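Notes to accompany the following structure.
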Amino acid sequence: MTGFPNREVLLRWAPLIVLLILMLFFTALEPRFFSVRNFARIAISAAPALMVAVGVTFIILMGSIDLSMEGAVSVCAVSFAFVFLWLGGSLGGWGWLALPLTLVAGAVLGLVNGLVHVRLRIPSFMASLALGFVGTGLAMLMTGGDRIRIEDPAFRALLTTRWLDFPVMIYVAGLFLLLGWFIQSRTTLGRNLYAVGGGEDLAHGSGLNVARVRIMGFMLAGVFYAVGALMAVARIGIAETATGNGFMFTSITAVVVGGTALWGGTGGVWNTLVGVLIVSVIGNGMVVIGLPGYLQDGILGLLVIIAVVLSTDRRSVSIVK
Amino acid sequence: MTLHQLKPHFPWITLLALVAVVGVAHPNFLLPANLISMVADIMPLFIMALGMTFAIYIGGIDLSSQSVANMTTVLATIALPGLGLGAALVCILAGLTMGAVSGFVTTRLLVPSFVSTLAVGGIAYSVAQYLSGQRALYMDVTLRDASFGWMIGSSFGIPHEIVVGAALLALTWFLQSRTVFGRALKAVGAGEPAAAASGLPVRRIKVLAFALSGMLAAIAGLLFSAKLSGGSPTLANGFLLPAIVAVLVGGTPLTGGVGGVINTLIGTLIVAVIRSSMLYFEVDATMQQMVFGIILIVAIAATIDRSKMRIVK
Amino acid sequence: MYELTKVDKVFPGVHALKAVDFRIERGEIVGLVGENGAGKSTLMKVIYGAYQADGGTVAIDGKPVRFQSPRQAMDHGIGMVFQEQSLITNLTVMENIFLGYERQFVRFGVIDWTAMARAARQQLAKVKLDIDPATVTAKLSFAQRQLVELAKVLTLEERVEGDLVILLDEPTSVLSRTEVELLFSLVRELTSRASFIFVSHRMDEVLELSDRVYVMKDGEVVDMVPRAEARVDAIQRKMVGRDIDKQYYREQKQQPYDPDRVLVSLDRVSLPGRYSDISLDLHAGEVLCLVGTEGAGREAILRTVFGLEKPDSGTVRIKGQARRDFGARAAVEAGVGYVPRERKIEGIVGGMNVYENMTLSQMGRYSTAGILHLGKERALARDWIRRLGIKTPDVFKDCGGLSGGNQQKVVLAKWRSGGSDIILLDHPTRGLDIGAKEDVYDMVREMCADGAGILLVADTLEEAIGLSHTILVLKDGEARHLFRGAPGSKPSLFDLVHHMT
Amino acid sequence: MSFIKDYIARETLNRRNFLFASAAGLGGVAAGGLFGPGMARAALTDPTIAWGYRNRTNPYWNEIVSGGESFVQSLGLPRDALTHLINEGSSEKSLSDVKALLAKTGGNLALAIDANDAPNCRPVVEAVAEAGAYVATIWNKTDDLHPWDFGDNYVSHMSWSDVKPAEDTARILLDAMGGKGGVVHLGGIASNSPAIQRRQGLENALKDYPDVELLAAEPADWDTQKANQVMSAFLTRFGDEITGVHCANDTIAYGVLEALRAEGIEDMPIVSYDGNPQAVQLVAEKKILATVFTNPYWGGGISAALAYYAATGAFKPSEEPNEHREFYGPTILVTPEDALEFKATYLDSAPDYDWTDYWGPSNGPIRY
């Protein structure tokens, strides 16, 4: 503990510092990167991923993992589209009911995930991997492969209406992020997630109903996946089986880059916000500076490694798997 | 025999039960020629799963396998005209290197393997795209047959892919259960702190496990490339999840130290049978994925040995 | 008030509890002793609801009860203070205290942190601990954590109508003597509100604190003695079923060491935050014991000798060679063997069998070109199973399934069979029953006779005095005093405590 | 609600086809009897008809499958008589599924397939030929593989030459830009041959427009969401310099449109490819200036028909000229002027194709 800033403080802010360095880096190569309009674009592309990543953060805090988000997002997106159109296809009419119903759908998917994992005693990696297949399959079954357009101007206003240069959906995502933070820090469930992640057998011995906490955690994640699905539909106006594609690796990478440990117990939604922004800034920045397409996957990989290295407390980790 | 004693044999039993279910409904399925051809076709996937077994055995995961295999299909196709059989060596070395890099990033830079291998996979994919000029390439058939023909021919009714797979299985089984490295691997998987306190070079062992995984992924790509007589940066797409599923269904859980290469063989065959059964039972196209997921849950619930898992995470 | 009658518990192949009768009255402190495997922990688990009895009855105030989970037991006023590390370290103190019972602080779905902190302070005051309840538990010392444990259990007072029963499982194992005394006076004070069941391997402490002592052996309660009639050797005889040798620590076998052969030499070694300016010499045939309170730097010094922690300054010499690259591998090659305190984590590899564990550190010797000679390994294991009397059906038995004492023997066999002659023992007898302890003491003497040097961190001060040639007393990471003691001229307990605190 | 309308239209049509086809099916059986016993051994009776394709999430493949189903119905069979082999983008699964189906049917199989990756085509064809079944392929095939090297069993290969149509759409785009400014290209999965060809088409057209700069070309992997993100990054990088967008297919164009919509840009000239119903509608509304219809419905039906009729011996592929065994599929340029008319002809109610007119709408032999 010598001098300022000391190690602990530095580590705590390391992910944010990495984000700032990345932004400076891209700005130096292409000044147009640093503009409010581009930040809005990054925000739009980050919003759905952020919601999904916040969802999986809760699972990772418990020391578990969830790989079912792609299926869950697809099912939620497609169910939303069906119900929304069935109810008249407009937020102005009864269509708004589709929004809460989608969140319920997400919770139900999470519940199933949690039940399979907890009641059948299958590690979450496997249970959720298999349920991801089921989810994608279910979305496929519902749509028969068709894509459903959502053209309601009121719903699309999430993307098209802007306040202070940012679309409405960014503010909605912000609200849900705050909700996530609130759940994480001010509710019993949120704190119990940390307890389970910090030491499951100990928590059980303390009289905590760990099975219930786990199932609730998966349900909570499911609700956030549903929000992510709504954002994804709002962004491109299409609900389809492929809506969920790509969320799995992006969201888990973002959570790790943000500094939440995969073995559970530390981190949280603010880390995830920074992680998602880091990943989105890299994605946007690589195109903005004109990096050839074939290099992008490799450079993304390198930058992710660097970001994780810079934001990990190397002294506190002994075993990394 | 009690249920407890029966547990280690659940993967076998599940496999036989699945085969029986399909076979009773469709006796065609049990024709030896058909079974042999099914096993031969699953071999590239099996070889990748063999590699994955080592990563999962030490409690990690290797998400780069598919990209490494993609990369080697391109490498093999490009290197074949100049190097002949030497192309195989190039591929194997490239896979080994990629795996070692994953291992280095995981053990030295302390990046969890879920992310480090994903990132290294991105690098391999970029290499594949760059080398291929972002096109699908094909091998000259005579050149292929001269250098790689032995991999894909057939003797006495047994396709050589099976021979290659069996040889690698025997080799990895020997490595796993009869060598110092295999023993060390088990110790690291089952009790890393104790392994370290016994003076084992834990990091080096882990790097080797990832390198082995990369190498086997490369061999899988090479075999696939020879079989398809070409290469492309997307040729091996779709290998990754089935390979992971094969390892897990076989009974090597992510907790490490349990299971092994024989389990992976069974797991791969279970995946192959489930996949074929979709066709035999004429499962509707839009339902296949869902049915696959549900059977998977049932299979995993049946095969995993929970007695070795203290906490189910 | 709390009574077990003819309680049975059967596991596949094991009859763990056989018709156990056990009762505890209001305000009473009851001791529970027995060798490992005697059924103590099973009995405790039945009491606090982790296990359900297969036969017999459990009654509170005469009313039969049956607990499906620890939570139900808690709701009936039964709480457990775990041995150690049962607090969740990434949570704050107050969250740990109220874990599972946060609801009382929830208003409209929101946790009222101020109210929780206030309530937590009240609980901490009961155990006389003055810390900020918002402190993250990881930052507390072991002793503080133990008190937080107790405070946590004491929340039952407010929550439950009627009386409490509190189980203390080896609560003193990580405490210094003063801390133990503090804990005991606290427990005595609290008898106005609760009764206690005190489980410990330290017989003297059990007798010091308890009103009555239950003695268990092979799943049965073999005796119940009131304190007035209790005598240590009588109880021990009941536990083991035979007399305990007066020469418990095998002092008659203690041979003088060879002062000319220095195996390990530390010269002004420092690791900031752990220990500073430590110099010592370990000779062939010597037992050198490091004594001090928890956190005085004992373990850190062991780990430095083994190469797991690199000092910032000073020289570590092993057999005359100055260590440059630190790392366990080099140490093992130089003949250092480490018997860690966390036996199940660092000692043995659960999931691997007996011979695999024994050769783990010396596979090079049982292989050619990387290929193992399984036959040789098994022969070695059979040899050492016989020499050390390891109780295992065969060499293929999973070490995770052996008893603590046998696991410890496997670890010792690992090092001894590999020819290690510098043995670092960290709490080698922790959690072992008397019989197993004696076996360990025998092995220590044998190793010394073979010319090995032993660096010891003992479980108790008596053990330290009994076993060692030399005792180095540490306080706050600094060397305080060096005692030399041949049999007959050993330092007293008081001497040690005087320099420790 | 257009998708529901489409669905109803399709259903009505299907019923019509069904009635019509029963008659044709009878004819087929009668014709089969005319061949002598020697021929009958080479031909198959009632082969299983299967389509192997990438996935069901892409409208393009859905159209292919509808065509295949329409053909099956023309034989008087129910729609689900068509077996689906979905490979989910995995060549390995594609090949294993084909082998499993060959085993299940004992080689009594008429298969239409896109092998997913060009190198995968050879082992698929070899397996089919070895089992004595019949296969017609589309899209992915390596240049050294030819139907005529496999006797009758490798019936045909159909592909689409995308360079010229993509060049045509590019010209429409470049003209709409007034022959100056900057254009960006969002491509498919980089190594897919249609992606390469469509980009080539743009580059060919650009040679005649020296004042237009190709600002950038990035792969968007045929994916709407990825296209959306790439386009918004392009907007940052080039801002107002972008005066036109060339998309490799319709699904990419949807993502581009939404990225522009988010910025309030409504009048950017865009062209795309594939002629999906939704895209055609957008063309009619002038949101997209042109797309190219490749008639996947016909392609899907005729590939199945070729494999089936070759299998049943209705025609003998080895007696057909090479241009009947490797040929280009039809491409129809759709522009705002003819979009509605086009939609009425091809999409609102799919035309009743004569599935025995194998090469009617095709587009000449494949040139390498």
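Chains here go by letter, A, B, C and D, matching the order in which they are written, and residues are numbered from 1 within each.
Simple rule for what comes next: a residue touches a chain if its C-beta (ideal position, glycine included) is under 8 Å from a C-beta of that chain, and two chains touch if they have at least 3 such contacts.
In this text the structure is predicted, and so the values were computed from the model without any measurement.
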Relative to chain D, chain with the most remote C-alpha centre: C
Rounded Å distance between chain B and chain C, as computed from the means of their C-alpha atoms: 44
Centre-of-Cα separation between chain B and chain A, whole angstrom: 29
Between chain C and chain D, centroid-to-centroid distance (C-alpha), Å: 72
Overlap residues in chain C, where contacts from two or more other chains coincide: none
Touching two or more other chains - residue numbers and ranges from chain A: 140, 144-145, 293-294
Residues of chain D touching at least two other chains: 56, 190, 219
Every chain pair in contact, whichever chains are involved: A-B, A-C, A-D, B-C, B-D
Chain D - residues contacting chain A, complex: 1-3, 55-59, 61-62, 190, 216-219, 223-226, 228-230, 232-237, 239, 254-255, 258, 261-264, 278
Footprint of chain A on chain B - complex, ascending: 58-60, 63, 105-107, 109-116, 118-127, 129-130, 134, 192-193, 241, 244-245, 248, 253-256, 286-294, 296-297, 300-301, 304, 306, 309-313
Touching residues (chain side chain A, partner chain C) in the complex: 182, 186-188, 191-192, 194-195, 197-199, 202-209, 265-266
Complex contact set, residues of chain A against chain B: 62-65, 71, 116-118, 120-127, 129-138, 140-141, 144-145, 200-201, 249, 252-253, 256-257, 262, 264, 293-302, 304-305, 308-309, 312, 314, 317-321
In the complex, chain C residues that touch chain B: 12, 306, 308, 328-329, 331-333, 338, 340, 342, 345-352, 356, 359-361, 363-364, 367, 370-372, 374, 414
